[in-house]
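One chain, chain A, links the two complexes that follow: it is found with chain B in the first and with chain C in the second.
So, the complex of A and B:
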């Protein structure tokens, strides 16, 4: 099995209720106060007020992450800068609002500034004009794993030389109550400024290193047992590098989530496990928050962040903070 | 919903709010595009808000003449008087 592409993280941004800095990313808060996002502080400037909330969270997180890189990122040629952003519910409330407007008064009353965000790719796409990104702008949309898959895609793109720096992240907004939303769903955004492992130092700050493996588990005919799918990944992951000390598992109570939880319990040994319970269909931010938190605030120990969707998609991030033995 | 013709100051304040600019920057004759940096998407957004606020419907052919606070004020006065 070939090793997954690794990347180096040189900037972190976190914008979520109770976690407005990367070092607070591991702290989970339930209810989001209505005024938690103070735009004057987190996203000052003209032209943002009409944007959907999720877009503002993402822009604020990206701005914060890029502040870590000083002028380095801004000075890169536009064709060397890119973004990959994961999401699942970032536009859900917006779609609900659109539906209500069309039914109540007609499509002519839709906000032209927000209509483009019917396409979820616009959330990632909005970063391009904001920060001059011209290499590519990609959106990954799926429950639970999209944020980690954004990191995986960024690592592959960097390894392939498609960009010098990639903003990888996740953005979410809570679905409306009618859509099954609630306090347990993700809200906010996280952004990691990523560069290739082999690239010259981007600046003085290196949070750590990361790679992501993906798989599919399920109960459909022909799909192998969970252990048959995940054991090779686990063996591959544990084969090299510093000792694996911690496991963060973002799981729901779906059959896939329960199957992976049972597998993890059998494989974890004496490693510390932090289980983060999410409702099926929740956002993709929670796993990426764990990555950000492990890089910014966790003990300097190697950690795995694992996420599973109710559909059976599994993503496993290998997170190595800078102080844990890998330069 | 208001159907009374707004004063020019009320209209200037409306545009200042929509454009996220201080009211004193939005002159009565300032050209939205050339002087205030309003792009086509922002123009569409403002016109939709204008329709909602004053209970009118604008035809696309009417957009091009609405380039300043004074122009919009004159247009609204005519439209609301006729309603």
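So, the complex of A and C:
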């Protein structure tokens, strides 16, 4: 099979508690304070107040990312601009509140303005009129890996000529009570402005390059089975390009997470591993934060960001920061 | 109608669980027989105006798998597994051969019924239950190890899932992709659309003068998409070629209304035909998105008029949702299956009888099945938020 398509990242935006700039994306914080999102600073303007919180985080992250591109992105024809956004829980609380309202009093008491946001696609879709995107708008929703899958899907779509530039990212908000998930969860949004690897230079700033591979290891694999699935991907990944220096692994304590962790320990060699432990269901933003952080703040060394879901999804991002692109 | 410069993709297996019963045969026969009727949803707390859906018969809903990674599974993932297995078997891809086949699914509400049961029963905090677990459930069941992706593009999810699968085939990333959709009955989903008055309490009647909104449906629909060379090498007969799956976005300021002029929908259709190498006069049937909502059907009708403005004999339109309802995240895949059957067998089912709205000026044959007289079928798959997908299915040699 062919190698995955590669992206060039020309803009970064990060909006999360304690990480309001891309260079802070690697810093993890605990429970989000209630006033962490200052809309007057992060999303000034009219027409945003009634949007769900996650939608505002995403709009703020996209605005920040596009500030990196100057007028270049704005001047592209609308039908060459697109969005791919991943998420698991962005609309979860809304759905939970809605269902409780239906049970208690009926559908007539739902907020019609917020009804469309039951669908994750509306979060990505809200970016379209905001930034004049007419190529497409796509939402990825696989547990834990949707943020990395957004990059993978964007790379494929760019390689296929579906757009010239894609806003790829993830958005999350706290899970609903009915979902469980505990207190530790992703909140916020990250957006990467992406162009095709082979496209002409889009501006002066290039943060780096990225590609994503996906696999499925099952809900309860053993380490040998994980090896059967991931070894070929690992071999392909290591076969070319600069030396792989770092591995960031976003894992949970599920059987799938533990099996992949054991596999990774055996394969990492002397590379530095940063293990980010997350409870199942905490969202798809944490892995993308690692990508953003490696591009914006890490040393200019090649890194792999790996994410696993309790359900068996695996995504592996190959991140090559530009030596000279860090602002 | 082929482009020799890139990998072609064909549909070699189909699977369905729908209001017409279990299996793609029941689906195809049911469409030719006039489709199904909606029924009241038997859930607690249906406190809303429009309470009907086109429901899968309980006997067609599998009882397994009951759980995945420790979370209980509702009917939608279970139907997905049945339809996916049928599609693989139909394609002749046996047990043990699916490890290299990625799963791509259009899923929005997915496993929502489990959450809703917990809310209705006042149950405590459970283990986390994601909505979009369905692709993983399918991958586990069929033995895929090549990836499981969920695409939540609401009612256009099927068209987008097909586009992602086509990109994977064309790029050489995969030889075979299992692509599908599955949605169940959700109280909160029905209530939301009821609140914004886009659901019809009676039945789904696209293009009718008295249409009053859509009526949702549950079910699962899957297809095996395969590179034409790979299919030929193993002697698999295709139902149809997927010549293109093109996307566009209205970028319109209203969150639930389409762009009134349908400019981006027109662009998606024209670009899809161009990408497939199909002229408008080679289209023998159109499966529109056609939900039965007042504005959308009128906008889509105008868009179709523009795309086929230069064709002397405009193609017949088959309004699928009048027969099986609106499958939301799986609607595009149900349309894909119908289009593949039409392209393969050369018969277009009759439309449900309606008093046609003159504002919806499309050719809507209602007097029995028609023969497909031109080789291509154009399908639209659209969603709230101005999300559009158009894809083209073409006769590819026929199927026994």
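In the analysis below, the second predicted complex is superposed on the first by the 310 of 327 C-alpha atoms of A that agree within 3 Å, B and C clash if a C-alpha of one lies under 4 Å from a C-alpha of the other, contacts with A are read in each partner's own complex, and residues count from 1 in each chain.
Criterion: contacts are C-beta pairs under 8 Å (C-beta built on N, C-alpha and C of every residue); 3 or more make two chains touch, one makes a residue touch a chain.
These figures come from a predicted structure and were not determined experimentally.
Partners chain B and chain C, brought together by superposition on chain A, fit side by side with no clash.
Using the contact criterion defined above for the overlaid structures, shared-chain residue A:146 touches chain C, although it does not reach chain B. Of the two partner chains, chain B is the only one that A:50 touches; chain C does not reach it. Applying the stated contact rule after C-alpha superposition, one finds that A:108 touches each of chain B and chain C.
In the superposition on chain A, A:136 contacts chain C only, with no contact to chain B. By the touch criterion stated above, A:303 is placed in contact with neither chain B nor chain C.
Contacts of A:78 after superposition: chain C is touched, whereas chain B is not reached.
Of the two partner chains placed by the overlay, neither chain B nor chain C lies in contact with A:316. Using CA centres, the angle subtended at chain A by chain B and chain C is 70 degrees, rounded to a multiple of 10. With both complexes placed on chain A, chain A has more residues touched by C than by the other of chain B and chain C.
When the shared chain is aligned, chain C comes close enough to touch A:214, but chain B does not. Distance between chain B and chain C in the overlay is 7 Å (nearest C-alpha pair, rounded to whole angstrom).
Shared contact residues of chain A, touching chain B in one structure and chain C in the other: 108, 110, 112-113.
On the side of chain C, the complex with chain A involves touching residues 44-45, 47-49, 68-70, 102-103, 107-108, 112, 115-116, 118-120, 125-133, 135-137, 139-140, 144-154, 156-157, 160, 163-164, 167-168, 170-175, 187-189, 191-196, 247-253, 255-256, 264, 267, 383-387. Within the complex formed with chain B, the chain A residues making contact are 46-47, 49-50, 108-113. Every residue of chain A that touches chain C in the complex is listed here, in rising order: 1-2, 4-5, 78-79, 82, 87-88, 95-96, 98-100, 102-103, 105-108, 110, 112-113, 115-116, 118-122, 125-126, 128-129, 132-143, 146, 149, 153, 156-157, 159-160, 162, 175-181, 214-220, 228-229, 254, 256, 279-281, 309-313. Touching chain A in their complex are the following residues of chain B: 19-21, 41-42, 44-45, 48, 51-52, 57.
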